[in-house]
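In the two assemblies presented below, subunit A is common to both, partnered first by subunit B and then by subunit C.
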Partner chain A sequence: MKETKTWVMLLPTILVISILFIIPLIYTVLLSLNFFSITSNQAISFNAYVDILTSSSFTDSLAFSLTIALISTVASILIAIVVSMTLRNTFIGRRLALFVYQFNIPVPHYVVGISILLLFTQTGLVSRWFYAFGLIASPSSFPVIVFDQNGIGVIIAFVLKFFPFIGIAILSLLLTSIKDYEEQAATLGANRIQRFIHVLFPMMMPSILFSSILVFAYAFGSYEVPFLLGSTYPKALAILAYQKFTDIDLNSRPEAMAIANIMTIIIVALVILAYIQLNTMNRMRARQNGKE
Partner chain B sequence: MTFLTLRGLTKRYDDAETPCVKNLDLNIERGQIVVLLGPSGCGKTTTLKMIAGLTEPSSGDILVEGDSVVQIPTEKRPVSMIFQKSLLFPHMTVAENIGFGLRMRGMKQAIIKRKVNEMLDLVRLEGYGDRRALQLSGGQEQRVSLARGLIIEPKVLLLDEPFSALDAELRLEMRGLIMDLKKKIDVTILFVTHDQQEAVMLADKIALMIDGEIVQYDNAQTFFTRPLTLRVAEFFGWTNFVPASQKGKTVTCSLGEFVFDGLEEHNGPMCLTIRPEAAVLCPKGEGIRAVIRSSVYMGTRIDYRVDCMDAKLGISFDSDQVFEIGEEIFIKLQNNKVWAVRCDGKEPCDNRIVWGPPLNMQDTSIEARREQNEGEGIGQSIGALDRTDEHHGGDSREKDNP
Partner chain C sequence: MAKNRSRSRIPVLAVLYIAIIVPIIPILMWSFSFRWTYPNLLPTWSPRAWDYVFSQSSIISAIGASIIVSTLVTGLTLIIGYPAAKALGTREFKGKTIVEIFILLPAIVPVISAVMGMQGIYLRIYLSDSLLGVVLAQTVFTLPYLILGLAAVFKNYNMEYEQVASTLGADRWRVLTQVTVPSIFPGLVVSCLFAFVVSWSQYLLTLMIGGAAVNTLPLELFALMTSQDYPVACAVSIIFILPVLILLGLTSKYLTTNGVAKGGINQI
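And now, the complex of A and B:
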């Protein structure tokens, strides 16, 4: 009886997820396999995958997206750790600093992208200030940060959005029980660096891993920020997929779906790996909390 | 020269009106176990944290072997601290936890391994080195924590209520372990607890701390025989407080006159404190007349409230000495369980019984038990005791008090 009630309660959620997520996912896979081809050839084939995996535009885009996501995530983690370690201390103006730290979490990525655009293009505010102060000969000699092939503008936008998100997870941990472990390590002779390396960082790992996997997945599949700030080549995978999907040549649609599916597989694989690791860490932590 | 010295140690937190540790002076000899005893929130842990360097004192000094350590960072102080929680690092094995302090000092792996094994033997955890810290019971965790603190060979070991999270049996076992370790290792220990029994069992000396101040620093026995103040007396189980006055060496109250060895001469108001076990029975007509007002069966003893002269007292007898409510008995007070303390404006003395059964509980104990026992066919045990034997059960060899 109780189980039936539970399932009835869960049913709306299951239905919504099925309709909005699982069914489109299956449809995407089928499309990528040429199953609903509107051309004469109705046979299921892996041609779209073969074509995609052998095309340099895809491999370049894959490398670009992975690089952008990886650098953004790692940079965000590093900044989040440094800022959180600073913000856990008591100082005058800490409340204001905390507000500023968390301020851009609810700001949409699109808005952050526009801000970067306004600030860092060669005709942007920063380049004009540099020029006004005589630091550069002309606005055009300002380094190319936006629309560049290395995706620096994209990375800056992602880092601005991600580090407070990861940082909040770390800070909440630093302000609770982890402090006792740090004090214990200090009384055992560990200096500040040793305490961080041997105690704090390993204990922060579950929070860092959880939030990083979220931001990595977001950065890897992001469309709007690379669209606003990225170069024309290589494109981020999401942009490449969308372009193929909206191509006037309908034969490109299976390729768009194949790209989408490859992105999904990469992200799901990462999530599963992170989940296994997190599960192990959480089990350890739960047992520790249970004992306390 | 004292080994650990606290000199005028004070801590006032920014947002607090009064300091939580006030001008603390304490001298601890090498190799002693000193217990910092006191109720929760009296500043014990703050004191320990100041010694460890985890909290900065507002003023005062901390000296180890005569050298001030106040300016030395925590990791370089010659002390080690064991906390209430074991705080074993969950991502390390037992051996890694124990060897942590040595690794931080850059010691060679072979030496660390040998010392860790020695420590595991010492805390009776041989063969546990490869276990994860989380695979241990509460008692085992605290033993690992102890080994981790001792392996770095601190001059002073600070223990902050390390057994309070353990059950009663484990607490006893751990106290035994501490006493064993003390015989094997040359370390000075400052142990914080709010458990009077634990303090008495472990301590060479006890520093009783109340409201951020050390109110008495003595060996355990003195707290039970010669408390300095009313609050010390209360903390150590002195349950009766009777207003008195002192003239010279004589203390006078409604129960009579008392002269105590070692009591400082003084003229003024005093408070006579009487331990519950101070009363012994006398033959009828001898000693002080008392009337039973209530009783509570406590297993091995029965606690009574009595009216005695103009005072109300809480006294305790073995559970085979049973009296009816309203019954008249004659008692005398053993001199070594009666003491007088000065009272001042802060601690006024009124006739009160800190311990003792509330009056409305009176009939539920003895009579209920009598009925219960009779129902079970064992009514004789309480219901038909030989009153004559009972009344002569007191120790007549004790010195009489008036």
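And now, the complex of A and C:
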């Protein structure tokens, strides 16, 4: 049996992604530069970018989306580490705990969003519980968690979705490859905190970095969750772009495309940085292994 | 030290259970409610929403459309992505990292960033407002999950069995069905499940590529949320996550022991 060439095996995937995804992205760039305009003779124009970058509604949205993505990613990582460290030991009821831990992974983000909406609006379920216990006198004294300017509701929904995703990656690592190293460190006299800082955490880093990038990108670009739970100002970037795209005024379309491209650039730059970081970590580990 | 651990375990477990189980409560209660005025702790119970869901033809046809779309997407993703996953998992070649980043792109570039241009291009090649267009568009976004998951499975796979089988005279088809597939089966199932779930929950992409022609369950759900019909929206949400949870129940043991989560991430 002759071996199939590598490029032949990769070709279908590369063709599909190129035609159905990369070409549309390039098309978006051309549209944002007014390339197909029939009204102006100018070849290309950066007006859409100038308009967008100087408008406070865009810069506020950019800050909003970046902040939300950063906070929900960091919070999810911390929770994921604590829960996974707990669930790696055997105890009664661990199987159920593992099932509960994985429960939200296949549940769509916006279904979690719907339950956050029903729980945390000022007339939501939690507000009713507070009222029943006499903690608040009326629904208006319940704190604004959903549709708020700080995006607290959006962050809660993201964290509930993300921490199991990052956590399962950490947990499966803890259950297999790391164990021997940790035992070795323990034999050499390292206490729990030293073992975590010098052995476990560095070994978890690649997993955490990779799953965090996926999670951060999702939170940064999500349309559905801010649609359900976000404030009217500042809007998440995806909402702002969609509204400009569907605006009756066709002139706002290049602006929508400009926002889309800025989002793409930010995310792709982050991923390339993360890959460089991952490669350095892998090389360092390979060198250390070589020494032993 | 053991005692110490169990003491810290209880609050962690409590937080975990509260975080996952409390959000299910309002969805269940609203789906059985008729009206639920403030500050009542319990709604006026009624099976109205469930009656409505099972009698409303638009919802039933949306369930059908979702099943058809996601099944086709998963199948197509597997056919296109399988060879690439095998190449990435079993071979070393020049430019591998670049290929990996390229394949990962649809999973990280926001849907909103890609979908505007996709709408324009798909319109030009007669793929918009059609089932085929939606299936192809979703396939792009499920490919990274399937390929990276399956590539990780192939990392722990011994190619020598295939060589032995073919030396003994097995043709390509027999090697695939009797050697390769059986030995990677659990990982294959989990990877396909990931692709199915990603497709099953697409909203914005289906809305903008399918137009009015393709009405899947997420579109129905967002219409209900926009009209603030919470009882029916919650009943639909439950129907929506049921098949996914059944699949999770069947495959959850693969997820932690030898599955995608571990391999997919270790691989890179």
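By definition in this document, the second predicted complex is superposed on the first by the 264 of 292 C-alpha atoms of A that agree within 3 Å, B and C clash if a C-alpha of one lies under 4 Å from a C-alpha of the other, contacts with A are read in each partner's own complex, and residues count from 1 in each chain.
What we mean here is this: a residue touches a chain if its C-beta (ideal position, glycine included) is under 8 Å from a C-beta of that chain, and two chains touch if they have at least 3 such contacts.
It should be emphasised that the depicted structure is a prediction, and the values quoted were computed from it without experimental measurement.
Here subunit B and subunit C are compared by how many residues of subunit A each touches, and C touches more. In the superposition on chain A, contact of A:84 is made with neither subunit B nor subunit C. Shared-chain residue A:212: touches no atom of subunit B or subunit C.
Contacts of A:194 after superposition on the shared chain: subunit B is touched, whereas subunit C is not.
In the overlay built on the shared chain, the residue A:185 is in contact with subunit B alone; subunit C does not reach it. Once the two complexes are overlaid on the shared chain, A:34 sits clear of subunit B and of subunit C alike.
In the superposed model, A:202 lies in contact with subunit B only, and not with subunit C. Overlap of the subunit B and subunit C contact sets on subunit A: empty, with no shared residue. Those residues of subunit A that touch subunit C in the shared complex are 1, 4, 6, 8-10, 12-14, 16-17, 20-28, 31, 82-83, 86, 89, 91, 93, 97-112, 114-116, 118-119, 123-125, 127-129, 131-132, 139, 160, 163, 168-169, 171-173, 175-176, 192, 206-207, 210-211, 213-214, 217, 220-224, 227-228, 237-238, 241-242, 245, 256-257, 260-261, 263-264, 267-268, 271-272, 275, 278-279.
Every residue of subunit B that touches subunit A in the complex is listed here, in rising order: 52-54, 73-77, 79-81, 83, 85, 87, 89-91, 100-101, 103-105, 132, 134, 138, 141, 148-149, 152, 158, 165.
Those residues of subunit A that touch subunit B in the shared complex are 180-181, 183-191, 194, 198-199, 202-203, 284-285, 287-288, 291-292. Those residues of subunit C that touch subunit A in the shared complex are 1, 5-6, 8-9, 12-13, 16-17, 19-27, 29-30, 38-41, 79-81, 83-84, 86-87, 91, 93, 97, 99, 101-114, 116-118, 120-122, 136-137, 139-140, 143, 147, 166, 171-172, 175, 193, 197, 200-201, 203-204, 218, 221-222, 225, 230, 233-234, 237, 240-241, 244-245, 247-249, 252, 255-257, 259, 261-262, 265-266, 268.
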